[in-house]
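One chain, subunit A, appears in both complexes that follow, with subunit B as partner in the first and subunit C in the second.
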Partner chain A sequence: MDLNAIISGSPQQTSLVTTGLFYLFAIMAGGSALGVVASRNIVRTAVCLLFTLLGVGGLYFLLDAEFLAAVQLVVYAGGTLILIVFGVMLTNKSAFVKFEAKLIEVIIAMTMAIILFGALVVGILNTKFASQAMTQGTDGYPILKLGQALLGDYLVPFELASVLLLVVMIGAAYLAKGRRERSHT
Partner chain B sequence: MANVLADIIPTVFQEIVFGRAPGALMTAIYGFALIATVFTGIVSLVAMFCIWWERKVAGHIQCRIGPNRVGPIGILQSLADGVKLILKEDLIPKDADHLLFRLAPYLAFTPAFAAFLALPFAPDLTFEPRLNVGVFWILAILSVEVMGVILAGWASNNKWSVYGAMREACQMVSYEIPLGMSIIIGIMAAGTLNLVQLGHLQGGGIQTWLIFRSPFALAAFVCYFIASLASNKRAPFDLPESESELVAGYHTEYSGLRFSFFFFAEYAGMFVVGGIQAALFLGGWNDPFGLIGYFYPVLKDAYVAHPSMATAIPVLLLNFAAAGIFVLKAMTIIFVQMWLRWTLPRPRIDQVLYACVKVLLPASCVVLLGAALWQLLVPEMPGIPWVNYKPWRFEDWANQGATAALVSQVLLAVIGVSLFGSLILWIFWAFISGRNLKQRLTDPAEMPDAEPATV
Partner chain C sequence: MIGLQHYLILGALLFASGVMTILVKRNAIGILMGVELVLNAANVNLVAFNRFSHGGTAAQPLLDGQIFAMFVIVLAAAEAAVALAIFLNFYNNFATIDVEKAQNLKG
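Presenting the complex of A and B:
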């Protein structure tokens, strides 16, 4: 049951579905981002962040970047966000702690946000974006090219990144273990 | 073939109900509705069947019968359970976070549901056959399920639920590593992440199944099986819902339909995991003799050359047979999982994490290294069986320099099948010889020093 074949007898039908899905994912990502900022409950912030990441993953799928979307789900939604939620849950002093921001912090943050927003809008409006996903030369199987690039042209950055992650892991394990050894009970 | 089916049904429906041909939007809606109905139907059917079967298996392992009142062999028990759960009171603890409490079951259920999208039931009966990251998609979407479980534990405002959620998060996230690494071995042997392609690759008979590709693939299968038990919160790794310790772990406060969502998620997840094992290692939809792999290209070419109902029916029948085989293989894996649940005791959480990080992870690293070396040293047979070469002809393998591969695969297949066969024979012999044993435990009159009870 080919989804596009079911739905699209013609290119107009395909783009109708694609446009609808784009708006769905974009609203999910944008609305949840708003929720992250506006929510006063820390755990709800984390949940809104989950939906933001899922929305961005969906947008990656619409751009034919399937591998990137799956990696987004595994690394961000299934890894980083879990860590964030752990940190939130284990460092809460009371059950449902709420944010209390001072007025001067709000003013500074709003100013910086407006400046950043203006810069982003100007940048986006002046960029020429591609009208469809760039998948030439991949023969419909972009992961093959991705794998060949990662282990071919970009081998050194790939290995450096993995060494960095290994160092981080070892450092974290050492720090956590060191604290336990010092207290002899 | 799939297009014939998918075009006819919505059009016929629209013409019958509204009397005119559907427009673009209505076709899209009907397409979605068709998929949603079939999708939801299959997932719910699978979950309901597994629930009934689990109780039957549990009963027979514990020397009792299990559900046998509702329906012929208790087969309608799941239906009765479903009706009961719907009719229950919707209870939310007063101090619980209402929004997150309601959200958590859906977050736990949707990933298991979405993972069905990539499962290759048959060459033409895959929900999304163009998903080029099929295996990775399943892995990715199942890691979102962790979030649902954590939220369920947290939002219940219950210490025991939070413990269950924390333990579950640790366990599921750590076991994803050996899970992924074991999957990589099957992917390496195949060269593609697309599950439909993987199925086609194993169509040449039992010696082409990826589990017999190298001895390391067999080890990878075992590693994957153990890791998938933990990833599914399935015994012996069922600490998150350890029934004897935490009441019900992270879903203690859930009752009624919300609880059934977690249950559905668990059984749907079991089927997904069993499906991956069947697709990656056990030959997918193929039978051990390569018949489906042989007939499929023949019938498909006949259909493509002359598309009509007469040529579509054989292809459809073949697809349904293939889907039946796939479901059978996935159900076998689920069966083994159920055995383990009712046989093994439960380890502590530190033992569980020890088993992951210090046993399973190094094991899967070694197996990955071994499989990679094997693949370098033993040249394999490129191409799809029956399409690019004839898998039962020795000359085809020798021409590609893949004689060593054929010999090793046949040898491993013979070893594997004989091991499995001897297990079955052993169980059969035990069953037959057990009939002669006296039932001492259930018949006290036969015991020498038994006395009739005096009232």
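Presenting the complex of A and C:
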């Protein structure tokens, strides 16, 4: 589904709406990512991470990856983040416990992060990419094609991922619970 | 008009934020959140490159980047589950989640 199909209007208006939505989601994701860095309270950090994930999900939608946007919202924002919040609640005597890094460590980390970001931006701006404009949008939902690719070209990684999830399920249950049960016997 | 570079710069911002989160946080779960940010930055880049790449047709679109991103999401979920299990075990043994206290293996 193309955005053009949703917004009925002149191409000029569609472009304007797309640009506005991009900046909305980009500021949401980027600003919340900075909030994750700056926040001292672990619960607030988790909320900032939620908004980053929502913004990235919106960007997937703008990039014509609707299925991926849905997966991002369901698995990431709905699953992984809830898991992290449960971890926060289970490992804090008080939800407002904080451990501060030393000031010198913060300064070194910030310098490194800014240098990294600057180098990446300079690299991106100086690279000549083959295509600057979006290629032609896909016709209809590409979910059919996604499913065919997952069970066709990517069958082996797909099955490996399922085995990995089984291993992780057993391993996580064993790691989180096993030791206490043995100590009782 | 929004081009590929806009998405890449946003990915770079998310990546730098994630790296800084990993470096600054003392709380192990905060470090895990930094890792999630880095993985999301990689995903934004993958999906953006997929969307702006040539070679696909309307009938047979290129979907490699989206499938890669999907596998990254699966691996991130698995990684979060194992990491939280380890953190819970650590908390049971040390009664804290401060990574600075995890130095039993230090020589």
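The working rule: the second predicted complex is superposed on the first by the 153 of 185 C-alpha atoms of A that agree within 3 Å, B and C clash if a C-alpha of one lies under 4 Å from a C-alpha of the other, contacts with A are read in each partner's own complex, and residues count from 1 in each chain.
The rule we apply is simple: a contact is a pair of C-beta atoms (placed from the backbone, for glycine too) under 8 Å apart; a residue touches a chain by one contact, two chains touch by 3 or more.
Note that the structure is predicted; figures quoted are calculated from it, not measured.
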Clash or fit (per the criteria above) of subunit B with subunit C on subunit A: fit
Partner chain in contact with A:54 - subunit B first, subunit C second, else both or neither: first
Which of subunit B and subunit C A:71 touches, first, second, both or neither: both
First (subunit B), second (subunit C), both or neither touched by A:37: second
Contacts of A:104 with subunit B and subunit C, given as first, second, both or neither: neither
First (subunit B), second (subunit C), both or neither touched by A:156: neither
Contacts of A:16 with subunit B and subunit C, given as first, second, both or neither: first
Per-residue touch tally on subunit A - higher for subunit B or for subunit C: C
Touching partner for A:165 - first (subunit B), second (subunit C), both, neither: second
Subunit C versus subunit B - closest C-alpha approach in the superposed model, Å: 13
Subunit B and subunit C contact sites that coincide on subunit A, given as residue numbers: 67, 71-72, 79, 86, 142
For the subunit A and subunit B complex, residues of the former touching the latter: 1-3, 5-7, 9-10, 12-13, 16-17, 41, 43-44, 47, 50, 54, 66-67, 69-74, 77-79, 81-82, 85-86, 89, 95-96, 140-143
Subunit C - residues contacting subunit A, complex: 1-10, 12-21, 23-30, 32-34, 36-37, 40, 43-44, 47-48, 50-54, 56, 58-61, 63, 66-67, 69-71, 73-78, 80-82, 84-89, 91-92, 97-98, 100
Interfacial residue positions of subunit B with respect to subunit A in the complex: 2-3, 5-7, 10, 24-25, 27-28, 31-32, 34-35, 38, 95, 97, 99-100, 103, 107, 125-133, 136-137, 139-141, 143-144, 146-147, 150-151, 154-155, 157, 162, 166, 169, 173, 176, 192-193
Complex contacts: residues of subunit A adjacent to subunit C: 15, 18-19, 22, 26, 29-30, 33-34, 36-37, 42, 45-46, 49, 52-53, 56, 59-60, 62-65, 67-68, 71-72, 75-76, 79-80, 83-84, 86-88, 90-92, 98-101, 105-106, 108-110, 112-114, 116-117, 120-121, 124-125, 129-139, 142, 145-146, 149-150, 154, 157, 161, 164-165, 168-169, 171-173, 175-176, 179-180
